[in-house]
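In the two complexes below, chain A is the common chain; its partner is chain B in one and chain C in the other.
Up next is the complex of A and B:
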């Protein structure tokens, strides 16, 4: 049973990958790392016309054997200053937890994350957001928040100039 | 059996003596159920119902049938609707007749509007299962027509069942589709084991999501549930012998209040008591500040090298042991101690240590007695099996009628009830101020404790002495046997009634809202 479900997960992941390459949405790309179909590396470009524009945000996606019955674990690898992202990169997104539907795929997840960047959900966790500093700044001083995000984008570009951005598949 | 008839009359007449108080206080429970006395029917009927799994299923079905008749919906829909309204038909009814379409949408029933886009399978071209993305002709869909292949339905429902009891509210796998997956789908796609799990959860939701039904909280596990419609707090006598408080879900704790019990439990479990012990029995090494217990007589302390620093110091003054040599005037004068206590340096610490020790002693006093009665109470459950065996032997070997031996069970259950109340009187007593209530409380407690112990001993020792002593075997049917039996029976019955009387008294005096002191001053004037 377990091997059967892992098999169907593999089949589905292959289809996810095909769909990703054939019909890649703007500013989003992802692929399995090496020959492990269950570990993906992804990049999300900062949405145009927002403070995030120009930034490149790397993520890890780790798919469980029950996929698509259960959601993958998705984590930012690049530093993010966002009310719904924990300092360790973990993302607080309903779609990746209780709101998961097996009808989602890798593509829809990344699109959702891209739109989350520009449009934080400040009511997601009433008992204190994933990043309380970012949340309070976002609510209190929007311009200050954007300035911090832009600073992160600048930092990326500087590092990029120095050749620190490693190749992403 | 002439003798036994006479005895039984005497016994019964004594039971009647205290019956008035029984009727006043007790509103049901096993002690009453088993007593062979005539009570008015409204007293015999407890205001709650104990139910096993079968009763629960019947009750749930009846509730669903009522709802489906009333609202003109299917049984399945009735289940979904009731579950989402806490099994409260009145609440459901109100919402339904206010706006049934709204309720349908909210609960995910078949005419619910789906916000999700229409499935692509309506369009020309091959049908695609949106879970596995395979092109498959036979897609299975709920009324929302989001089609998925059988294999994916199976996988989805298996994951849902394996995830736990939330499986009963499984919805269509499509993004944000509110449609509830009916039982029929689980029967169709799940193996027998998962079907059973699913059905078990369906039954459990009747209790879990229902404010008027609760599981028996017996810590050793219990399958019974209790239904109670009332508002006032109540002691529930479960069929598993556990007696519990409806309001707080703890063991029945009269005369202590729910609040006091909570306080006591927090105190028992909290690390705070350990901290008190450490403060009372240890001092900190003046060098490395690790707490050190004095476990030998002399005051020359060495901080254990294993966990500490090996520092040598004086227990009394905490000064360096090196300064306690004969060269500095000798240990027994310990002039450093005098000087420091005059300065008040250690006096403060010493006093807080004494206070902590005193508080801990008080707590230990009550806690030990609390635990003793708890143990005694739990033992009666085991003793009941023991008595069952003895009753059988008395019946087989000595020709006593089982009904004549009923008093043994009554007595044992009386002991159990008394032990439970006594247990909680120690919690009550621990939190009772040193007011004029205390002497009366302690007097009542003493009475009950004394009589309970007598009865318990009688059941454990005297009973065995008469009937199960090897040297003193009674010949069956002899006059002596019946004589002894009648004496024992009348004693035991008597004590059962006396303890019941004290139990009633302590509960009525302590359990009411008006303070004991008030009653005390009233009775003394």
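Up next is the complex of A and C:
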């Protein structure tokens, strides 16, 4: 029978991690930080053929003891300019809120985030959105928006890319 | 406990998600909803057997409903409430099935044999095996244990233990989703406000607080092969309407009866 939740969360996180190591989807990667199974560090590469290509986006995933009953809190650590991402890195994604299902795992989440990067949901946040500047630029001036994204990718490359890449688990 | 519409939990969760962004927007309305939600949380997942006739008191001041309850009492005797958290259909249907398995070895054997390939079926529909195998194992383990013949009170207790209810409901949702996805051509034409079965499942099946409607019931009852009849209690004219969901492949067993009131399903038993 199902056992107490923190213990089952741990078992499930181990399975998620094993699966992630054995068969990581293209352009995403994640692993627990140190020996805390509930805190993960993740990397999402900008999808190929988009303005995000070449960029490395680091995220934190913080799993609650109720996982997978409740979704992890996922936050960008790398600067992002995106209609569905708050300036503090918090992500507005239905899958991580009301749309969560315990049948989803770390891979499902990261794949969804990767596709969100290139394909923002401008209807998800009718009340202003997570980043109104990014949203209005995305809607009004798509090329201008892409230019800002590309500038962020460039900035990553100029900055200490060792520092960024050393975070790859 | 007052009757609670399932919608409230969904709305509440959406408001909660919203709240994390703008804490200053917590208002009285939301606090009221939170209160309702907490009541829903506190209720047993599957309530004890109670008399259908008790519904008369609940609708004493509502002649439309009262008339229908009168007709209902003619055919049905016992009611069990399913916690009104959005998963009421999945829970009530599964509980009804497990009750039947407990008393019928032959049915249980046939049922378990059909579910052997279920995990593979769902993985082929796109789920990650690591993410769902725990729910499948739990479901099979409990079904096998119940099949050995347990008393109703043991089944009730098992259901409330640990996270069993959540595991079982989650597995039922995965099965429903997988069945819909793998029979996309049969279901896609029924969609009204979703662009694809994939989207429908992500928004209306997978999340734990989304209610079941015709498509979900059709899919799950096909997969589990146990017939279910929904008895509608609403303001419409005439006697209570019944909708049987049975399939050619259904196992030879009595249909589970579910009482539907707008936004909610409970288990109901014939005399």
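Just so we're on the same page, the second predicted complex is superposed on the first by the 158 of 169 C-alpha atoms of A that agree within 3 Å, B and C clash if a C-alpha of one lies under 4 Å from a C-alpha of the other, contacts with A are read in each partner's own complex, and residues count from 1 in each chain.
Here, contacts are C-beta pairs under 8 Å (C-beta built on N, C-alpha and C of every residue); 3 or more make two chains touch, one makes a residue touch a chain.
Note that the structure is predicted; figures quoted are calculated from it, not measured.
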item	value
Fit-or-clash call for chain B and chain C when the two complexes are aligned on chain A	clash
Touched partner set for A:135, first chain B, second chain C, both or neither	neither
Per-residue touch tally on chain A - higher for chain B or for chain C	C
Partner chain(s) touched by A:97 [first = chain B, second = chain C, both, neither]	second
Which of chain B and chain C A:19 touches, first, second, both or neither	both
Which of chain B and chain C A:69 touches, first, second, both or neither	both
Which superposed partner A:8 touches (first chain B, second chain C, both, neither)	both
Contacts of A:105 with chain B and chain C, given as first, second, both or neither	both
Of the stretches 81-89, 261-269, 333-341 or 351-359 belonging to chain B, the one that collides with chain C	81-89
Chain B and chain C footprints on chain A, overlapping residues	5, 8, 11-12, 15-16, 19, 68-69, 101-105
List of chain A residues in touch with chain C within their complex	1-5, 8, 11-12, 15-16, 18-19, 68-69, 86, 90, 92, 94-95, 97-105, 107-108, 127, 130
Chain B partner contacts - residues on chain A that touch it in the complex	5, 8, 11-12, 15-16, 19, 66, 68-70, 101-105
Residue ranges of chain B in contact with chain A within the complex	130-134, 146, 151-152, 155-156, 158-159, 173-177
Interface residues, chain C side, partner chain A - complex	10, 13-14, 16-18, 20-21, 127-135, 138, 141-142, 158, 161-164, 166-167, 170, 173-174, 177, 202-203, 206-209
